[in-house]
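Let me begin by handing over the structure; questions about it come next.
All chains are identified by letter, namely A, B, C and D, in their written order; residue positions are counted from 1 within each chain.
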Amino acid sequence: MPTPIELRSDNAAGVAPEILAAVAAANAGSALAYGADEWTARLQHRVREVFEHADATAFPVVSGTAANALGLTALCPPWGSVLCHQSAHILNSECGATSMFGGGAVMRGLPGDGHLVSTEALAHAFATTRWGDNHHSQPAVLSLTSPTDYGTVYGPDHIAGLGELARSRGLRLHLDGARIANAIAALGCTPAELTWRAGVDVLSLGATKNGALSTDAIVSFDPAASEQLVYRLKRAGHVASKMRFQSVQLDAYLTDGLWLRLAARANASMARLAEGLGRLGVELVDPPAANMAFVRLDDVVQARLADDGLLFYGMGAGLARFVTSFQTTDHEVDEALRRIAAAKG
Amino acid sequence: MPTPIELRSDNAAGVAPEILAAVAAANAGSALAYGADEWTARLQHRVREVFEHADATAFPVVSGTAANALGLTALCPPWGSVLCHQSAHILNSECGATSMFGGGAVMRGLPGDGHLVSTEALAHAFATTRWGDNHHSQPAVLSLTSPTDYGTVYGPDHIAGLGELARSRGLRLHLDGARIANAIAALGCTPAELTWRAGVDVLSLGATKNGALSTDAIVSFDPAASEQLVYRLKRAGHVASKMRFQSVQLDAYLTDGLWLRLAARANASMARLAEGLGRLGVELVDPPAANMAFVRLDDVVQARLADDGLLFYGMGAGLARFVTSFQTTDHEVDEALRRIAAAKG
Amino acid sequence: MPTPIELRSDNAAGVAPEILAAVAAANAGSALAYGADEWTARLQHRVREVFEHADATAFPVVSGTAANALGLTALCPPWGSVLCHQSAHILNSECGATSMFGGGAVMRGLPGDGHLVSTEALAHAFATTRWGDNHHSQPAVLSLTSPTDYGTVYGPDHIAGLGELARSRGLRLHLDGARIANAIAALGCTPAELTWRAGVDVLSLGATKNGALSTDAIVSFDPAASEQLVYRLKRAGHVASKMRFQSVQLDAYLTDGLWLRLAARANASMARLAEGLGRLGVELVDPPAANMAFVRLDDVVQARLADDGLLFYGMGAGLARFVTSFQTTDHEVDEALRRIAAAKG
Amino acid sequence: MPTPIELRSDNAAGVAPEILAAVAAANAGSALAYGADEWTARLQHRVREVFEHADATAFPVVSGTAANALGLTALCPPWGSVLCHQSAHILNSECGATSMFGGGAVMRGLPGDGHLVSTEALAHAFATTRWGDNHHSQPAVLSLTSPTDYGTVYGPDHIAGLGELARSRGLRLHLDGARIANAIAALGCTPAELTWRAGVDVLSLGATKNGALSTDAIVSFDPAASEQLVYRLKRAGHVASKMRFQSVQLDAYLTDGLWLRLAARANASMARLAEGLGRLGVELVDPPAANMAFVRLDDVVQARLADDGLLFYGMGAGLARFVTSFQTTDHEVDEALRRIAAAKG
């Protein structure tokens, strides 16, 4: 069996050495639990510096689902609805977490090309809403995902435009940034430009897919939401007792641009892969904006590749998903291309 | 300022070297997310071996609150009540987590000396319950804590007796074992004797207070509860994507008795401290059964000790709490006793 | 201003004289609260007789939303999803009630012509479900509405076919029968044929739209669901203290076919209206199967009709909704047609 | 068997003739559903006039449990606690409704003589609260019941004093007024004095126990709570479609002092009964402040009375509960006394 090459998910990657070292370094002396420690204090400063926002507050949580669902419930009343793309993770892959934590808040999927909510779709949703009618969950939050689960990316202008339209009807703006570093690295914008400057109130800041050990985070730019989250997280069991070991991961992640370097590495591997696939005549569904690609590959070819140690997800109907991570090497990409070329015969 | 001595909480301790090493060792190669990895599979075998139960299933979660609240909701219908001691952590210190996750299940505090539910108190609760009356939340789970938040411990017979009484009225049995290793080490019983052999259906297995980095666990001995927990945890955001790094901590923790050695170390430090306090004429509220003591110390003495770098919790009214951890050394205990002697003057 | 003619909603109608008389008759002597009264006992016998089912149990509730949401949560775990037509009332017009009572259960809208779930749509939903994947709410209930909010009706065979497919994947079957009497009267089937014989586990039995004063009901054909509902209703505040006055309405409603006579009267008025509209060349979106019609009427004509005292709902885009009730008279229908003819000019 | 005399509960009484007549009178013509009718508009005016408060808003609901639980959740965040007497109905007899609707808000029972929260008990609760600690549900509402389930009554000064203390810590004030008319009639104060002038934000206005057919109400004096309730009630299934028939009951109830006359009638019957019991040497636990008494009667005597057609509740241990209603006649009271005298032998 040939050496496996991991292209299933960036979730399958390990921990960045810098982050593991930071965890080990934090294991010195005692520190109060539940966030009353110096590492957590440092994280708050780091987040404010990196996002250029004096009120930004980070809340470490153990998963993206927790970040999304709890972040959303700080913005959405129980009788509200969260508008999102119909392919959104919060709608399809979190087992109703937002509705549970949100006391029965519902999600409403909107269409849009490239898995991105379009301005037209949002305007149409507003036009078909029975505003002020208590029989009808009232739109309260617009939740965007960037990069999407399909590898496409919203630019700052797109987010800002949707955010402005959302605010005009009183909605708040949430960004599911499970892979936000990949988007920032791809777009070359600042973290602020892609978030609060574009109107984002609460961000799910992904870290585990990009090198962290055991933590993602909610970053709130809204002090009222932050105040709620202090309680909402505790009662959800998302306040780690030894929080220093969660905070230190995020602090290391955001320090000296590590997060963006890791993401740039994953993006570059994907670009190399995409270019190679193009040379091989393999069709990509969308040009990969970050570190994920969906490609058309005959199911027979997919089976051959699986036998050949290439780890990826077959999506059925001749579609395959490839994801690179910060650990993907050029050598692995080249070897993957070699195997694909061979499998195509 | 003298060197600080940490006696505030075992939560303030760090990570056991064996566990940190295991985490680092797991950072090799890629592994599927959400538990489909070899470390998580190994953990399941370990739990079954250590607890001598073929169906025992471990679910890593990031906090004891998550373990308690989610574990309880797998045993309690929304119209049920959870009976517990009136000083229980789930009742007083989890901000309603059980009621939230439980869809409005309520908690009912019972009295009992030494912070332990007495058989009489449970029998009285049953006698005053309006069984089958839909105006009244129906007792569905008895939740015990051992060691309690006050350092006292249930023996296996006490648990078994309460469990039998509970089962006679159809209740399930939950054990909040945030410090269960300290209880097992103190009692010298087996993990099985203190849990499922005494009737426990679901255990909150604490690990962070005793050397883990970022995880506690639910251990379910009931396959029906386990089946629910698969979904309940996901939608609560308690399924870590890189679960191998959580599972490996628990596996290392339970391997070759590490958890019990760490706990025995904490207990021994407390015994040394208690003995010394006795020599100094300091009154202990209860003889410390595990790694926690409440002692009578004049508030002026407490203030002097705080100035002198002894870290502990003043509880008001001349009461102080001391907690030892696996990191507490004999030297620290002796030095603490020296400072206490000096402060008493 | 001409005499108003009520065609907005059957909700706007009053109380059937037989039901008001029954309420007045029940106001004799004292009776225990919360259902321990002879009228409620009689209702249970009536429901079992009318539905030909020995375990059928009726639970009076004050609204169709309560009947739907509470009935569904007795069939659906919190991590489940309720499949329904994308135009269903439970999805669009109950402000998230099912998700709230269901602890975050979600609803998933399916397509289908005539506002009816098609077998193909259900099969497709099953094919695209990630069964057993805890990231994904698991289909647990199929909820059908008959008549739909658009006046179309499922026949017994359609329900039975969908029910069989649903059961093959472990789903339960719920029927939102806010206007079920109109469907039964239109189809000429028995209540049993349209409900449990077609696989229905829990029925929302509408009564207020068809002559009751203050109550609808859940009718459960599943003893396990009934047992849950005893508690679920109480804690939802849906157990009326003077329940005799709710039960007696339902008993009178179901006695000697009153419910079906009232519904047949509403249906006949609609048939007369539809026939007349046909003569006037007014297009109907679907042939009205029960007591509701959507018709194409120029907005200018709609405005004239409104000025002329015809009460109906303009749906925008040249669409108007007409609903007849048990109180609609032939004279009113004929007068409505006269005004429509005049408005069309 | 002698003619039964109903002294079990005012819930067992029937409907006041004035209210039944008002319902019948409202059954004329058609009216829009869900509260957009003239009777509901009239109710709002009535409530504002009777309570002398320009923003008072009434929400008809079908039970006191619904009124309490939904009213409380408009005042209490999910991480809040509701403080109440340890014998309160919301704590003991609503099957967790407040915790369910409140997203896991918890209730905390306080002591106090006569089943009344004392100022000392409230002060003590505040002193033992860990304010601002997210491990601990934060006191958010004080809920009082008057008359209590034990027949005792808070005067306006008592409520105002507790309300002031509660407000000093940021709590809101809720009044469970399931029998509020009996309290007002007994105290001779105005409705305003016992509610918002004493600091009450939201009132559960009982009506069914005192002559209504199928409705109680929430009366909100806080526009922000009212705005929430519009949505909270709908999604709880507590917005009746034919709301005119609920509103008209409440309007008739509050018109020309009917509610207070009915309550005064019940209170007078109780006073007559208490006086007679005194003459018979029967001990009353508390002097009955309204329409309920707990008396010491040997269990053998109770058994004789039950055989003799006197309907009351035996509470065990030689205690019996008697409740009068607006339908209790002087003749019935005298006959009850005669039977008690005979049973005592």
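Just so it is clear, a residue touches a chain if its C-beta (ideal position, glycine included) is under 8 Å from a C-beta of that chain, and two chains touch if they have at least 3 such contacts.
No experiment lies behind these values; they were computed from the predicted model shown.
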item: Shortest contact path, subunit B to subunit C, counted in steps; value: 1
item: Chain separated most widely from subunit B, comparing mean CA positions; value: C
item: Geometric centre distance via CA averages, subunit D-subunit A, whole Å; value: 51
item: Whole-Å separation of chain centres (CA-atom averages), subunit A against subunit C; value: 42
item: Centroid distance [mean C-alpha coordinates] between subunit D and subunit C, Å; value: 34
item: Subunit D residues counted as touching two or more neighbouring chains; value: 34, 78-79, 94-97, 100, 103-104, 134-135, 231, 234-235, 239
item: Subunit B partner contacts - residues on subunit D that touch it in the complex; value: 78-79, 81, 92-107, 134-137
item: Subunit B-facing residues of subunit C, complex; value: 34, 77-79, 103-104, 134-135, 138, 228, 230-235, 239
item: Residue ranges of subunit D in contact with subunit C within the complex; value: 4, 6, 8-9, 11-15, 20, 23-24, 27-34, 61-67, 69-70, 94-97, 100, 208-209, 213-215, 231, 234-242, 245-246, 311, 327
